[in-house]
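First the structure, which I've put down as structure tokens, then a few questions once you've had a look.
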Amino acid sequence: MISNTGFWAFLRRDLLLINRRRGEVASPLIFFIMAATFVPLATTPDAELLKDIAPGIIWVMALLATLLSAESLFASDYQDGSLEQLLISPQLIVMPVLGKVTAHWLTTGLPLTLVSPLLGLLLSLPTDGYLPMMAGLAVGTGCLSLLAALGAALTVSLPKGGLLLTLIVMPLYMPVIIFGSATAQYSIQGLAWTGPLAILGAMLALAIALCPLAISSVLRLTTIN
Amino acid sequence: MNWNWFYRMGSPRWFYESTSRWLPWLAALTFVLLAGGLVWGLAFAPQDAKQGNSFRIIYLHVPASFLALAGYFLMATAGAIGLIWKMKLSYMVMKCAAPLGAVLTFLALFTGAVWGKPTWGSYWVWDARVTSMLILLFLYLGVLALQYAFDSKDVGNKASAILALVGTVNIPIIYKSVDWWFTLHQPATIRFTEAPSMHPDMFQPLLVMILGFYCFYAVALILSVRVEILARERKTSWVRERVKQATQNTLGAGL
Amino acid sequence: MVVGPSLLSVKDLCFERDDTQIIDSVCLDLSDGEILQIEGPNGSGKTTLLRLLTSALTPTRGNIYYRGKALSECRFEYLSDLLFLGHQSAVKVTLSAEENLSWMTGRSTVCEELLSALDSVQLTGYSDVPCYRLSAGQQRRVALARLLISDAKLWILDEPFAALDSQGVALVEDCMQKHLDGGGSVVLSTHQPVAMKAVRRYSLMDQAIQGAV
Amino acid sequence: MISNTGFWAFLRRDLLLINRRRGEVASPLIFFIMAATFVPLATTPDAELLKDIAPGIIWVMALLATLLSAESLFASDYQDGSLEQLLISPQLIVMPVLGKVTAHWLTTGLPLTLVSPLLGLLLSLPTDGYLPMMAGLAVGTGCLSLLAALGAALTVSLPKGGLLLTLIVMPLYMPVIIFGSATAQYSIQGLAWTGPLAILGAMLALAIALCPLAISSVLRLTTIN
Amino acid sequence: MVVGPSLLSVKDLCFERDDTQIIDSVCLDLSDGEILQIEGPNGSGKTTLLRLLTSALTPTRGNIYYRGKALSECRFEYLSDLLFLGHQSAVKVTLSAEENLSWMTGRSTVCEELLSALDSVQLTGYSDVPCYRLSAGQQRRVALARLLISDAKLWILDEPFAALDSQGVALVEDCMQKHLDGGGSVVLSTHQPVAMKAVRRYSLMDQAIQGAV
């Protein structure tokens, strides 16, 4: 059953599902904005200082937003039995998985990227940094979504998987965040920011190649009970 | 090629019985190496010209760092063998290597931090190697947490094996990126990445300590795997037999 | 007519989980047009056996053959011919009944066929209501509407009558009968009596309940 | 039924449940540490700069850790019907709710407080700041737990409640975080830090008085479908 | 003997949700030692009615009286006398059967009584196994073991026979019979036939199925 469950079918369905709960579409975005605004509240309103840490803070919050919204990537499919149906469908499940991850990115990574200049403004980021930051976020959040999906697959059968997911995935995020925030920082310092961006791109390519496969086998594993 | 030996090695019983034979010897060797190395290093090796006596912590720090890293690869390899050949023993090794590795990583961090105070003036510095060691600790903790989060041992084993493997892909990337990050931001305040051209009198006890730590790691791992084997196989006849013998022996000794 | 290999045959299937033997040496045979009911008290392993048959679980020993070929050789073919309905019915509660059905059957638009299937399971007025607003039995009916549309040869149904009223039960039985008449086969587990003729039964021993862990 | 479901009964049961899933006990803690480590990685390893933002970062991360672990406070009780049983038990449900929140604090707020000096060390917080920071965290995380529980009650019936919860609760956290990080910052700057601490204490008292009541009535409301 | 006010009486109960009338003017009466079965096809409002009776839902119109007093006046008394078992059985899957039971019955330690109740529901060997390891029916049995220990007067059971095998059904019926004989009362909903004498039935019209939304 579930015969033509390819990439597009899952992409379309997940977008439909997210769209049904209107409140959910905006959630990662608002989390992103709110969490980032907390930083000046808790640290200092000093623009000079904020400027230096702005790209980093934006990246950390983007990372957390992606991570948190990924938690439910497979959860509802697991609970209602859809995941079991997917696993016994004749196709390879790599394409559906990729479809789901794409839907996730379209509803978190992409809006985050688009809204990041606003945060840049709030955190006094120099305007030169906007474009590199957005480019970095666009590519980097792709990696983040894929890695988060791997974590979500590993913890799908655990009732309280959210935090555990964080624990597992965060160390893997390290390179992404370093190169990601470097993209913006380089450009502010007048260095060539295409270097770190290229590395981010390479990491994305690697993640696209490996993660869906890993996720598929993990899903088979963790859903057996 | 005959693969029998390979599968026999996968048998917990074989492992238990063969290690019983040579474990005492290994333990004795470990003791000699560690005790000898410590006494040599702490009491007889010459003082460092710049750092004075504080450098002596190197005899714990470097071996612990070595084994923390090597232990991760051992754990991941054991996980991979378990996934590919479905060997119970291999999962047990992985499971026991995780806490051991985490403890060693912690020891490396701790000794490093203690050493950092006199040399760098602060316990912590966001240096490349130091940071990647911290991430290594997180990776270990992730594997451990995932392992115990599953109610089913089988699923827990496989899931954490996969995580350990993914981590192995990442360790070089993490290391490279942190290294790169460090050189970007901060002018080299203190670098300890270049191997210090050490005086042989200091270096020889260090070698002994490293060897001793390797042996210690092996002994600790084997011991905890043996406990794990007894727990998992407690229903089998050979374990029951052994338990019966052991209780009789102690009873006999008590009487 | 030459008798070919049976549709599904199971040889000496064993399954253990965390060192407990749950399925012990099950042998089964199912031909086209046949219905097989797996019987057994609670905890005897019916669900586990059915999930083994769908290949969602991997047996620790033994083999499953589909039309004479081992499952590992004809996975794609087998899974394409299979429809499985488990304890959980894979109904997305935020989607409406028709959206669920069109998704589950892999159609991209809502067609006449779907609507008439929903009519048959008596969800006429409810086809565009989100499923969380439906009662337990109504949600189950959404999942069962798949049976009316499916062209799978082999149905594996775990407690298909759960949460259904007597009309609903009759409907499902009717549907299974049509499937059998068309040469399809059914394996099901249920605690309720099945009012169909020619139901073959396979009983799992109730060792699970009696023996301690 | 569920006759003597008072404060202690729920406290004991929740601790038992958390203890059953070993991996979960340490999760909020590890999240806290990891998320805080990311900040220097993404911003700068410079101790001078880190020192200034350290209290703020520690507080933001403590806030996020409490929030994320609160998400599942009522979720499993809701799903398996225990919450319904609680709601139709003859007692007032205020005490059980307080018991659950206490269990939550004991497994998140308290460990976070105890481990915060370690983060202080990593982020080069001056040692004078440790005690005020810990005092502030101990009191403040109490407020955070109570408010997070309120949010968890509001979103309990939503499948993807995690992020929404964050949205709802975050604005309420604002005062806590301002006074909380002020406690540490005042002490570093040599000011009297008992002032903000006292305000935190007052907020905690208020929260203990009001939140359990609010939570009880919210639970009645959100679980009706 | 003077006949007092009936145990539970429901006057003109209505419930609407999102502007849809789900329960429409239900009137009921239940005396001590009586059993009442709520009947109706899927989606007719049985679960909703039972949840109204437990006070988990608040009716939009109408009243419920317990021993002649309106529910609002004797909430504590009523709820102390009540045992409700819903579609979801409030079993914590990480706890073992005995831990669950001791928790649900408010005992702080595992006592003989609990263990013998678990024996009676045939979970002898499973009392210290975490419940996620039990089958659907076994988990349901853990929840049903409450019936054996409870001293509530009024039982409200939503589909108590769901997921149970025939032995399990007989067990629950037996248990209900004992309760009735001791002067207790039962309201239940089920799609399966109840093999007990003296079951009074109340049928909810099946307008829900026929009428569109």
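The first chain written gets the first letter, and so on, giving A, B, C, D and E; residue counts start at 1 in each chain.
FYI, a contact is a pair of C-beta atoms (placed from the backbone, for glycine too) under 8 Å apart; a residue touches a chain by one contact, two chains touch by 3 or more.
Computed from a predicted structure; not experimentally measured.
Identification of common neighbours of chain A and chain E yields B, C, D.
Across the two candidate interfaces, D-E and B-C, the one carrying more C-beta contacts is D-E. When every chain is reduced to the mean of its CA atoms, the largest separation from chain E belongs to B. If you average the Cα atoms of chain C and of chain D, the two centres end up 45 Å apart.
Distance between chain A and chain D, defined via averaged C-alpha coordinates, is recorded as 25 Å.
Rounded to a whole number, the gap between the C-alpha centres of chain A and chain B is 33 angstrom. Remark: chain A and chain C have CA centroids separated by 37 Å (rounded to whole angstrom). Shown for chain B are the residues that touch two or more other chains, namely 138, 141, 145-146, 149, 151-152, 178, 181. Contact with two or more other chains is made by residues 21, 76, 158-159, 164, 167, 170-171, 174, 178, 224-225 of chain A.
Shown for chain C are the residues that touch two or more other chains, namely 17-18, 87, 93-94. Listed in rising order, the residues of chain E touching chain B in the complex are 94, 130, 132-133.
By the touch rule above, chain C contacts chain E in their complex via residues 18, 40-45, 47, 87, 122, 124-126, 129, 133-138, 140-141, 159, 162-169, 191-192, 209, 211-213. In the complex of the two chains, the chain A residues touching chain C come out as 1-5, 9, 12-13, 16-17, 20-21, 76, 79-82, 84-85, 87-90, 223-225.
Chain E meets chain D in the complex at residues 17, 54-58, 75-77, 79-80, 82-84, 86-95, 99, 103-106, 108, 130, 146, 150, 152. Chain contact summary for the complex, chain B toward chain C: residues 152-154, 232, 235.
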